[in-house]
Amino acid sequence: MATLKKETLLEWYRQMVLIRLFETRCDELYREKKITGVYLHLYSGHEATGVGALSALKTTDHVITAYRDHGIAIARGVDTNAIMAEMMGKRTGTSGGKGGSMHIASREHNFWGGYAIVGGHLPLAAGIGLACRYNETEDVVVSFIGDAATNNGYFHESLNMSEIWHLPVVWIIENNLVGMGTRIEDSSGQVELHKRAIAYGMQDGGRVDGQDVIAVNKVVSEAVAYARKTGPVLIESMTYRYKGHGVSDKTYDKRMADELHEWMENKDPIEILKRTLLEKYKGIQKELDAIQKAAAVQVEEATQYGLESPIPTYEDLISNVYV
Amino acid sequence: MATLKKETLLEWYRQMVLIRLFETRCDELYREKKITGVYLHLYSGHEATGVGALSALKTTDHVITAYRDHGIAIARGVDTNAIMAEMMGKRTGTSGGKGGSMHIASREHNFWGGYAIVGGHLPLAAGIGLACRYNETEDVVVSFIGDAATNNGYFHESLNMSEIWHLPVVWIIENNLVGMGTRIEDSSGQVELHKRAIAYGMQDGGRVDGQDVIAVNKVVSEAVAYARKTGPVLIESMTYRYKGHGVSDKTYDKRMADELHEWMENKDPIEILKRTLLEKYKGIQKELDAIQKAAAVQVEEATQYGLESPIPTYEDLISNVYV
Amino acid sequence: MAERNRPMREALRMALREEMLRDEKVFVMGEEVGIWNGTHRVTQGLLEEFGAKRVKDTPITEMAIAGAAVGAAMMGLRPVAEMMTINFAFLALDAIVNHAAKIHYMFDGQFRVPLVIRAATGWGDQATATHSHTPEPIFAHFPGLYVGCPSTPRDAKGMLKAAIRDDNPVLFTEFISLYSKPGPVPDDEDFIIPIGKADVKREGKHVTIVTYGSGMTWSTHAADELAKEGIECEIVDMRWLRPLDMATVFESFKKTNRCVVVEESLPHFSFGSEIAAQIQENMFDYMDAPVKRVSAMDVPLPYAHDIELMALPSTEKVI
Amino acid sequence: MAERNRPMREALRMALREEMLRDEKVFVMGEEVGIWNGTHRVTQGLLEEFGAKRVKDTPITEMAIAGAAVGAAMMGLRPVAEMMTINFAFLALDAIVNHAAKIHYMFDGQFRVPLVIRAATGWGDQATATHSHTPEPIFAHFPGLYVGCPSTPRDAKGMLKAAIRDDNPVLFTEFISLYSKPGPVPDDEDFIIPIGKADVKREGKHVTIVTYGSGMTWSTHAADELAKEGIECEIVDMRWLRPLDMATVFESFKKTNRCVVVEESLPHFSFGSEIAAQIQENMFDYMDAPVKRVSAMDVPLPYAHDIELMALPSTEKVI
């Protein structure tokens, strides 16, 4: 941490705040029926994992995740206007309005997308890693995985494949203790998920406090270095989701209100970094306020952009089924 | 071992010899085109694992396996006539000639069959175990698994499920070091397969010398006791296949001739038990010879029975698609 | 017979509950069927009433859910396994088609697989390409399986009960778009709609509409519209895609000599293909016109609401 | 153009080898494609020639094979992934249908998936119920995917090369019963049979036989037999099930006014259904008789040789 520059920390702070505000706005927009449909999985609470992990990467590296993907896209630097337009199903969205909130992607950012089938993107991550080795680059892939997804066959087959072929994949489990409404104790025989690395003879990157962006960055940076040269690593990042599974989830957070409260009060990733910054740099509050303000403006801009953007047409409906 | 009776050891010897002779005869019959088709997976070399494991069970317990199933069926006490008839696709076969060599089963022996889709029977084993718990019996399920099958998604999902529900399943990996032509080092990131138990928080039954029927029986007996009361266990039994993957495999054993030779010469399960018996019981050779002879007669009888049995009819073709 | 108006999800719940009360061996398993009360709230309240032994939440493991249900069914239990949506059942295709549907045959009758796999199907409201399939015709391709898909709450109850009581594996799909639609449901605890019986949902003499599930919605509206112009549609709700009750279709066709097939599924190698093929095969001399097919467009379903709806069938397309 | 008689497996190998030589990005992966030289010996010798980077043996993980191939393809490589048999591709249905076939659309063209999935299909010689499927019509249900299935070594070479060079995902199925059958194969390294073109394999005027893959065998024999009685069959080999070249079928039908569809697959919701449906839909006024369908019986395939053959189509059934 000694070597982290102030600007770096501020940039992480900015990204986390931006994600939080963006997600909060999406939640509102959903209630206002500006974002529609049945799916909307907010990243609020997870910010430090996404931001800490992606800040360990080069732009030539690769990122892929599941449906809880807006925060990841933002951390990867994808234009918030285009992300918001996609949430609203607009032509100007990252996926032309055809993918929706679960399928944000940006080829130019090597962000290979969010995927809605639990586990479905994991072999894709292996395949992207395979291409990196095939092309003899030293690029790596960061693939996020939900805790509950680690029970799925895709996880097993993909991680094993990545190990036998020494693929440059950093597998990051975002362990928010639950998949939809099912607690990890009820779905995983092994609740310390990083230990699943043993089943593949894989480098175990351990458990990291996923609310501490600095800690996440450190662990992922080491893993990335290892992956570039040697092979895959499995990391478990402990985190929490603030807004239920998705917008259709109406009960979980009531059921677990105490736990939620505890995380929000004492383990909020933005607050943790803020405290660190305030302790370390006198008079930084102003800068933090400015960041907050700029982020709010950016989210508002994105919202307007989305609202004003045109909806897709019949031409869009029938295009890109095939190349 | 102190407690093992002579009769028990002789019975194991009998079963192993019977399996070996049966499989050898099948091999011949295939060459004589009395057994046809493209699949025939011999159990030769694996005898101690099947016999040692199944001798740890009660008749009310359950057994299920993959396509390398004739030996298991014999060890479970299924009528060799009916097994041989099935190999030949005859009406009198265990599955009426409709299942063939990969699908031997016997409801009355609680032998739930051989299955040809790699990994496909593993959730079935979990389901059978689930029914045991549901019905509040203390019966257990022994499910055999090929080493290469442990890389498959079915393995992961099924073992995890068995652990979270504390199902009475003893999972026995028959590690013969290879799946078809692919060596375990090339297909599994973790080559000590019993360690995969950790990924499920499952009781690790360890590695056992799968050529030593006494050792297998001991390890499986302990596991069965544990499973009845507590939950699943994973065991890895080290063994070797003598006849290639199946009858269509024409190259593997040539490629690995030295290894094969080593196993046949020094680790043959029948020879190992024989040595033990000869050391322990003076003058037992005669009994062994008698066993050998009786087994040969039994196999010949089964062969004749199979050959003379009628082939299925159009009625058979269309029956039992539905209940 | 006493009956009450209920949405389809409640009719399904009723069927589950009654069968669970009737037979100890019936139990429910699947993702979020318990504490969450079911993603589509079909299993709501069952955990509380029957406890965790009979209502099992599972990990997100479709292969193992279907496969374990097969094993339990072979042992004589009667599992009702839920696939949260049919899209995820793609992951269980092998367990369903190569295990559930084959075991009775392959072991020549030694084992039975009295299993029901329930799955929500069809349009899911901007659920996008991977989450919007209507693939029951694909499953109906395979012998050894029955495939049912109700269009009304009444049918939902009677068909699901039939499926649970039957000794064969049944894939039972439930349209998301129909879950909330109410309709009369008999109280009778032995109300059964037998497997393989189609239903003439509306009588008419000018044209036969053959459909199932959500297709009933568009078909009924279209028939109402056409009635205004004096065209009387007869609507055959197939109810089961396997076995396929073509006798009922043929009977209607003999009267109308014309047919439109309406389905939410994709156009090719699908429900409409089979119905049209069988009609021309068996009713050739009765045909006044070719069988027309109305289905979703041959594209993946997109997210954006307006173009999503364009891709789906509609009353106008049926007319 | 120089050509030589080769069995189909050799024609396929030629296509693979030539494309691997032509384009560094083409590589082969699958179970036993390397050291074992391919279960059906299609990939024989490739490991030796191209090394382990370009010929990758995989674990028995169909989901991951297909999925990893998708990821590699998105990155611009051109994987040719082998499913040892199409039966095992059931385990990869999600990866194929919900990933390979959807990604180009779902991300609105940002990514391409230039992927070929090869799989042996059909009767496997007493391979029994789980190992004897002919399900390419099922895969052809889904937009976003192409589905090809050659009937001759010549077509095998040209079609596989087209599939490899195309930027869309292609499921390419190869009949086990045809692997050893020889036929002329052009040496030309740019011999391509374009995706979506059916082929009139035999001209005739009395009846059109529409078929593909192994169906050609029975169809040709039947046509030979019928020729003796003066009945001239025109045989349309569809070659691709998606896109489906109905124009060629219609053209033939206009001439013959009669059609028989021959396929090895199961009868319902299948190839024959779609062909028959489209003919009656578009050619109604040209129809002298209903379209007949010859397919496998509606049962799982059993082990015993004699009844296995009973269940399959045959020349007699076609006649």
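Per-chain residue numbering starts at 1, and chain names A, B, C and D are given in the order in which the chains are listed.
Methods note: contacts are C-beta pairs under 8 Å (C-beta built on N, C-alpha and C of every residue); 3 or more make two chains touch, one makes a residue touch a chain.
Everything numeric here is computed off the predicted structure, so don't read it as measured data.
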Partner chains shared by chain A and chain C (touch criterion as defined above): B, D
Centroid-based (C-alpha) most distant chain relative to chain C: B
Cα-centroid distance, chain B relative to chain D, in whole angstrom: 37
Where chain A and chain D are represented by their mean Cα positions, the distance between them in whole Å: 40
Chain A and chain B, separation of their C-alpha mean positions in angstrom: 46
Centre-to-centre distance between chain D and chain C (centres being mean Cα positions), rounded to whole Å: 31
Two or more partner chains touched - positions in chain C: 58-59, 61, 63-64, 87, 91, 94, 98-99, 105-106, 128-130, 143-144, 298-300, 302
Overlap residues in chain A, where contacts from two or more other chains coincide: 95, 97-99, 103, 115, 117, 120, 151-154, 157, 160, 164, 186-188, 316, 321
Chain-level touch network, classified as line, ring, star, complete or other: complete
Touching residues on chain A, where the partner in the complex is chain D: 94-99, 103, 105-107, 112-113, 115, 117, 120, 122-132, 134-135, 153-154, 157-158, 160-161, 164-165, 316, 319-323
Residues of chain D that touch chain B when the two form their complex: 31-32, 35-37, 39, 57-61, 63-64, 87-88, 91, 124-131, 297-300, 302-307, 310-311
Contacting residues of chain A [partner chain B, same complex]: 151-157, 159-160, 163-164, 186-191, 195-196, 198-202
Complex contacts: residues of chain C adjacent to chain B: 27, 53, 56, 58-59, 61, 63-77, 79, 94-95, 98-99, 103-112, 143-144, 146, 166-168
For the chain D and chain C complex, residues of the former touching the latter: 63, 87, 90-91, 93-94, 97-99, 101-102, 105-106, 128-130, 135, 137-138, 140-144, 241-242, 244, 266, 268-277, 279-282, 284, 287, 289-293, 298-300, 302
